[in-house]
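Below, subunit A partners subunit B and then partners subunit C, in two separate complexes.
After this line comes the complex of A and B, so read on.
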């Protein structure tokens, strides 16, 4: 047969390595990426007229970032690259993409979705005030634009990114008020055996925490967020928490960076009709994937954080594995020894991931403690109380039913930032297991699309 | 204070002149529209649901909280738009708001 037509969605670590592996096998994949430049979010590139060197931008990961960008440069002319292009639907064997007000449908023999992840958020009262940003946002402001999100910044949430971004802010000269981690310190100790799967990364983590402390930043673990103080007009002016000893404490600030690790962007996999499974470990629905990123749908593959949050290094491996799965399925030759090495390496990455999940858990218990007046849906200012009433008074015990009745998950973010917390709130209010609440269905377009876009026939 | 973001470097870039709510303002070439506005103002827009001013949230094109109005009535996603000379951004809600009165 003729060469299979492969579409790779995403030009982050997994998308780039996937495309590279396909090109090395003699294929010419189409690479669709929403961003202006390659690198994804983790290795996001600054605009061309910025001058900071790699070491300053990416710290300990500078070599990996440079290598990935270099690999992508080398692919120019060997792939069909569609930057600033959003894949907004997958239907009937075609990927619908849009850029510059035009949309078209691309057919494929194989589709590799490398859609990455966004911050996983648990609301807190006051998180809708101007000056609250996702943790990822705070990093992008610095990395891609050389800005801090405020003049006094509090980092609150959990996960390795919390410490990484806070220390990047300190290094860049920003004023970091405090790092407030919901995970109790002992969880980290208990997770050590798994985290030792990647001793170098663990060592970097320790170094980050001690550099923060050396810089005089307060680092608190085992905290409970109570409120982001502020006003509708002036925005954020402080954070109130309960510390691990049960004392209420306040921190003055004009910006809060918040996040609880990441959640995969699974809408496209959903639209491609991939089967999902409930992951008890992280309390969320994830696409069901077999070896090397094969999904339940023949011809559709997943790689990187969009499949399962394993981090950037594992995303590079995942991209290669998915490409090899494509090649194998089309009866094209694959280097078996390399495949075995990559699989082994990925198993080690997964062990480390389990350690992170254990060390920095999703704070599910906070959902029950949220006051009724806290906003859960930032898009449309819908409160936790309204969602609870939808459960109690209208009998909605399933996520999509609740969404239909009170619009939590219906706004412009399409449930990306309220969905997981909303499900926890529903489960708690209804007295059912989280799994029974189900998951918000992916809907096309996966991001808002102007009615004025014109469809082109390929 | 009249700005929300703080520049920590890359200051030697060409100046770009824009207007915010009718007032002249200065941005730098390569700024996103969001960074251009928030280095001159405390907010990008007002929530149409009446809960106050907003200044964006995710910076990666996922939350859609940073859509701003231009003076000529078009809307731009500020975190993924590059600032251009002469842009005129309106940070006030130009249409009706739908507050929660419960």
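After this line comes the complex of A and C, so read on.
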């Protein structure tokens, strides 16, 4: 048979390692990536004419970033690379991609979706004011635009990224006012046995926290976010929280970076009609995957944080595993011993992941405490109260029904940023289990598609 | 009143079933409305949202006008606002042949109160300056408009429940049978409902039930192909429909009060009745992106943020099935509205309630009787 045509979506850690493994097996994959340069989010590369060194840009992760970028450079000429290209739809065995005002449908024999993750967000009153960013966005500002999101920045939320980005900000010379973590300190202590699956990473984590403290940054754990203070005209001017002792405290700032660990970007898997399952551990719907990233749809594979949030190192492994699954399914030779080693390594990564989930839990309980006037869906400006009324007065108990009746999750982001919190609010208001609320059906386009786009035949 | 027994059982909780339940209650009859999923979830909830009369077959205009009376009293009758905007309907064409079609329709439908006005190219562009230069003529019906289909049927369903109808959602019906003088309606979970009258408003699934009574109809399930832009300042005014000689090139759009522009057209896909899923074919989205800017060139500055589809029942002759069964006393049908049922919905409920309650209707619906298919089959044989 002719060489199978493999499309890899994403050029982050998993996409690059996936492409590399496919190239090593003699294939020439197409790599579609939304960004201007390779590296994904965690190893996002600065624009060509920027000159900050790796150590400054990536801190503890500099070596890995450099290695991944180097590997990708070596693949040039051996792959068909489509940068600045958005995969906006998948239908009938074709990926629809758009770039530069054109759209075309690429057919594939195998598709590996390495779509990465974005911040998981829990609303707080005032989070719609200008100056509130996700952790990911604040990292993009630093890496790709060489600027901070504000002159006095508060980091609020939970998860390893909270500390990583805060420390990257400190390293870059930004003024970090405080790091406010909702996770109680004791949760982290309890998670230590699992986190010891990767002692080096754990050590890095401790080092990050102590470097923040050394830099004079206040680091609080076990906090409850109460409000982001601000105004529609002037944006954010402060954050109010309750600390672990129950005292209300305020911090002046002009920007807030928020995030509660990460959530996989699963719309492409959804459009490819992959089956999903409810993950009780992290309280969210995830694509069902079998060994090495195979999905319920033959020919469609997932790897990296877009499948399950395991972090960058595991994403590199996942990319290789998915490539091997593709090769195996095409009856092409695979190095069995390497495959076994990678699987074993991935199991260790998963143990560490469980530790992180335990140490930095999704603060589901906050949904019940949100005041009615807080906005839940920022795209459509729907308040928590409106969503609760939709449940109480119109009987909506399911995510898509609530969306149909009050527009929550109906806007530009299609619920990627409010969907999880919205589901918690519905479940709590309706008195049903979160699983029963279901998940918002993904619809094309994955991101807004210009009406000026014109079709090109492949 | 027994929970499992009523004067009328309605099978199918779309806009037709919900409105029928409401108006039957207004006439004092007891009603059980059975809906497999949630009220207004299928065709009633995913359609374009047009409440236009213009362009409908002339013999449908009396029914459409009756529906309009209900739409005008929507908030008062059903107690909720469903974003009804009466900013008129504008039909536009690209060729002299399109213009002729519009002129003819204006003449044919002149007695039905639509107050249509033909607009020359000059008048059209003066009045609607955002329209593209290729358009050569238009016809404007000032009283038509649009509403939000996601809200309308659920609102009517709630009003029916408040009026005393038993509205049972998540009730999948596996059998409708005549048992003596009564209908016996069985749910998948074993519940049984009985009534001397059954009204089938099961949309795309209507043919399954009519067939079980020996009255099959030529019908297919189609999936409309919709998309919506990001919100932009309100500028469009009327619902706009552009005539095209090729079906795929047809586009129509409306701007909702909060600013998003809903765009339909580009043809249909077939829908999957068995799995109750309907998908948007990306090529049909792209047809719309190609053709809509011919009508409004400024659309090229917008982005679409979402597409959707659903399941609609289309009759071979594009006319609905409405009226009493030809063979089973007490059995009534109102389904197969062929993509044009949203505006009619409240009127259909009103008419079906009148028919069931009094035995006749003040609005002519004889041409929609299910017996037309048996006659066609006999003629063909």
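The rule is short, and it goes like this: the second predicted complex is superposed on the first by the 458 of 458 C-alpha atoms of A that agree within 3 Å, B and C clash if a C-alpha of one lies under 4 Å from a C-alpha of the other, contacts with A are read in each partner's own complex, and residues count from 1 in each chain.
One rule holds in what follows: a contact is a pair of C-beta atoms (placed from the backbone, for glycine too) under 8 Å apart; a residue touches a chain by one contact, two chains touch by 3 or more.
None of the values given here were measured: they were computed from a predicted structure.
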When both partners are placed on the shared chain, which of subunit B and subunit C touches more of subunit A: B
Contacts of A:412 with subunit B and subunit C, given as first, second, both or neither: both
Partner chain in contact with A:140 - subunit B first, subunit C second, else both or neither: first
Touched partner set for A:91, first subunit B, second subunit C, both or neither: second
Subunit B versus subunit C as contact partner of A:444, first or second or both or neither: second
Which superposed partner A:455 touches (first subunit B, second subunit C, both, neither): second
Touched partner set for A:394, first subunit B, second subunit C, both or neither: second
Contacts on subunit A seen with subunit B and repeated with subunit C across the two complexes: 412, 448
Residue ranges of subunit A in contact with subunit C within the complex: 89, 91-92, 94, 96, 103, 105, 394-395, 398, 401, 404-405, 410-412, 414, 443-445, 448-455
Contacting residues of subunit C [partner subunit A, same complex]: 38, 41, 45, 150-151, 154, 158, 229-230, 279-283, 285-286, 289-290, 292-293, 299-308
Contact footprint of subunit B on subunit A as seen in their complex: 34, 36, 41, 46-52, 118-119, 128-134, 136-137, 140-142, 144-151, 172-174, 231-235, 254-255, 265, 375, 378-383, 386, 412-413, 416-417, 447-448
Of subunit B, residues touching subunit A in the complex: 1, 4-10, 12-14, 29-32, 35, 38-39, 42-43, 47, 49-65, 67, 80, 82, 99-100, 102
